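The letters A, B, C and D name the chains in turn, as written, and every chain counts its residues from 1.
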Amino acid sequence: MNSDTETVDITSRARVIKLLLMDCDGVLTDGRLWLTSDDDEQKTFHARDGQGISLLHRAGLQTGIITGRKSSAVDRRAHDLKMSYVHQYAKDKVKALEEILNVAGVSTNVCAYIGDDVGDIAVMHRVGFAVAVSDAVAETKQAAHYITALKGGHGAVREVCDLILKSQGRWDELMKGFD
Amino acid sequence: MNSDTETVDITSRARVIKLLLMDCDGVLTDGRLWLTSDDDEQKTFHARDGQGISLLHRAGLQTGIITGRKSSAVDRRAHDLKMSYVHQYAKDKVKALEEILNVAGVSTNVCAYIGDDVGDIAVMHRVGFAVAVSDAVAETKQAAHYITALKGGHGAVREVCDLILKSQGRWDELMKGFD
Amino acid sequence: MNSDTETVDITSRARVIKLLLMDCDGVLTDGRLWLTSDDDEQKTFHARDGQGISLLHRAGLQTGIITGRKSSAVDRRAHDLKMSYVHQYAKDKVKALEEILNVAGVSTNVCAYIGDDVGDIAVMHRVGFAVAVSDAVAETKQAAHYITALKGGHGAVREVCDLILKSQGRWDELMKGFD
Amino acid sequence: MNSDTETVDITSRARVIKLLLMDCDGVLTDGRLWLTSDDDEQKTFHARDGQGISLLHRAGLQTGIITGRKSSAVDRRAHDLKMSYVHQYAKDKVKALEEILNVAGVSTNVCAYIGDDVGDIAVMHRVGFAVAVSDAVAETKQAAHYITALKGGHGAVREVCDLILKSQGRWDELMKGFD
């Protein structure tokens, strides 16, 4: 899908990222919701996405979630993975982005964001590296610098983690720890 | 799949819709059921379908569910999305349709319905815009004016929401709110 | 997949069926198991399979489940669908078949069975119409008179129900009830 | 995918296996995690994988799980299938491998291992027959002698069980029990 010029652009954008933010439903999950009787909800996370986020952390990058919904499962997953920022029930995702950037002390150009739906477009227009999952809606794909090969909840987040780490020349060093 | 003539027909049918009704299992979900020990059942809804229904509401349209089954999860999802009409355990779906049209004060030609199985055919024969999900059974597809590209529970409902809003010329205006 | 000769064979086998038996995991479900903490297990059934079984019952046929596992969810699903025979924890599926045939008062040639794994082969060798789901293991497919187009848990059972009803010339009459 | 030379290599490696070890998430499951409120987690196992493991046991081979995560569901599945070795929360998978080999009294060359992610590579480099599931990450596939046709949680483990049993000339004898 990407021409040579686009690949250069993607690599140069990914190379400087210090903070990877992402939507939850449809990105860290396949978008499916189980609404439970206690007014909470369940959703499934993917083990290989978790490994990617852990690799990012090992390389010194930070991560976070901005989601319009609210569930205890997201808190547990973020805690499980030691993610730094979790903004749930974020009715204004741009405001959440600004708060996170302020606390993290980084600018938009070193921030990446992964989305799947129209509610992610405003944030994607503001960050240095905007990514849409392969099953995102058309408008969200149009707002993206990069569209993943994998679907949300099926390894799309991992694909972005690996891309960032490889662009930054950190991959081979990290892989030595797994030999 | 659609010829030019069919596209014109679909657009003219979608353009006048004020009320979108739908079956639940196999349409708002992928058809899978978890039967729980308290005589209730679980099923999964898709976040992107929810966004589509919210967009319809923002544009002033109404929505509802007509399902032959009964579960607390459907009530929670409908409440979550602020859907106007929920008829569960509807053994006669045409009767449920008529009751909804009566309360909504609209006629069949401005009503759309999305189905996946033979129990949806009678309603589909009566509404102005009948839609079958891509994995519907053959007889239900034959009763449809439009067959979605996506499967039930995997964004088929969202596809219909976007189609209706675009046919009505409401899309660009709605998208401005996400920039 | 089927030549004309095979189609004739399948139709003639399906035409006489009075009793449809089936395995559960991988046939009525996609094979996935959630093992719960109370020594029970969860699995997902498909709404469209349920509709097919209801259509068979309406046409006067009987149905049943023979499974090597044991869970309360299978009892609930069988009860929900008004299936006549449920043999769980069946370590000898041929013995279960014989018991069911005895109670039903029918012979093997009017009995169909749907399987997905090697534990289903012995029963498939004994019934008049043996069916394997499309994702069955190779040995089970070899034991089948018919292999479904759909996967287990994704409508394979429904496909067999419709095939039987159409072979018996009951379909058009049944569909009139849905108009 | 495999040339004739590779097929010979795979068969000769599989022929001597006495112990099949595997990762859990992404191998025995599709990688999806439900994080439950009691600090435990749920994941789905496949019935046909279970049948494969039972066939291995019937042929006198041993099996085990080495996973970096921890959940009661894995204990239940291993117990259900009568697997000999379960090492959960294994932060050093090579150490877990060595402990298992020591207890089992076998050497690395008769041990097979199935993995899907970078945390499995070190073990895969040490065993006689290293397998990656078809949806494993690229680095893990590179460390494998064999890559399955099926995905993790969708029958990949069963595929390996059958391959081992057929390579050892045990298949036809085992199948006689299912006739």
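The rule we apply is simple: contacts are C-beta pairs under 8 Å (C-beta built on N, C-alpha and C of every residue); 3 or more make two chains touch, one makes a residue touch a chain.
This is a predicted model, so every value here is computed, not measured.
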Inter-copy rotation, subunit A to subunit B, in degrees (Cα atoms; steps of 5): 90
Same-residue or different-residue interface between subunit C and subunit D, half as cut-off: different
Cα-centroid distance, subunit C relative to subunit D, in whole angstrom: 31
Distance from the mean Cα position of subunit C to that of subunit A, given in whole angstrom: 43
Touching two or more other chains - residue numbers and ranges from subunit A: none
Category of the chain touch graph - line, ring, star, complete, other: ring
Complex contact set, residues of subunit B against subunit A: 40, 42, 44-48, 50-51, 55, 72-73, 76-77, 80, 153, 155, 158, 162, 175, 178-179
Sites on subunit A touched by subunit B in the complex: 25-26, 29, 31-35, 37, 69, 116-119, 121-122, 125, 135, 137, 139
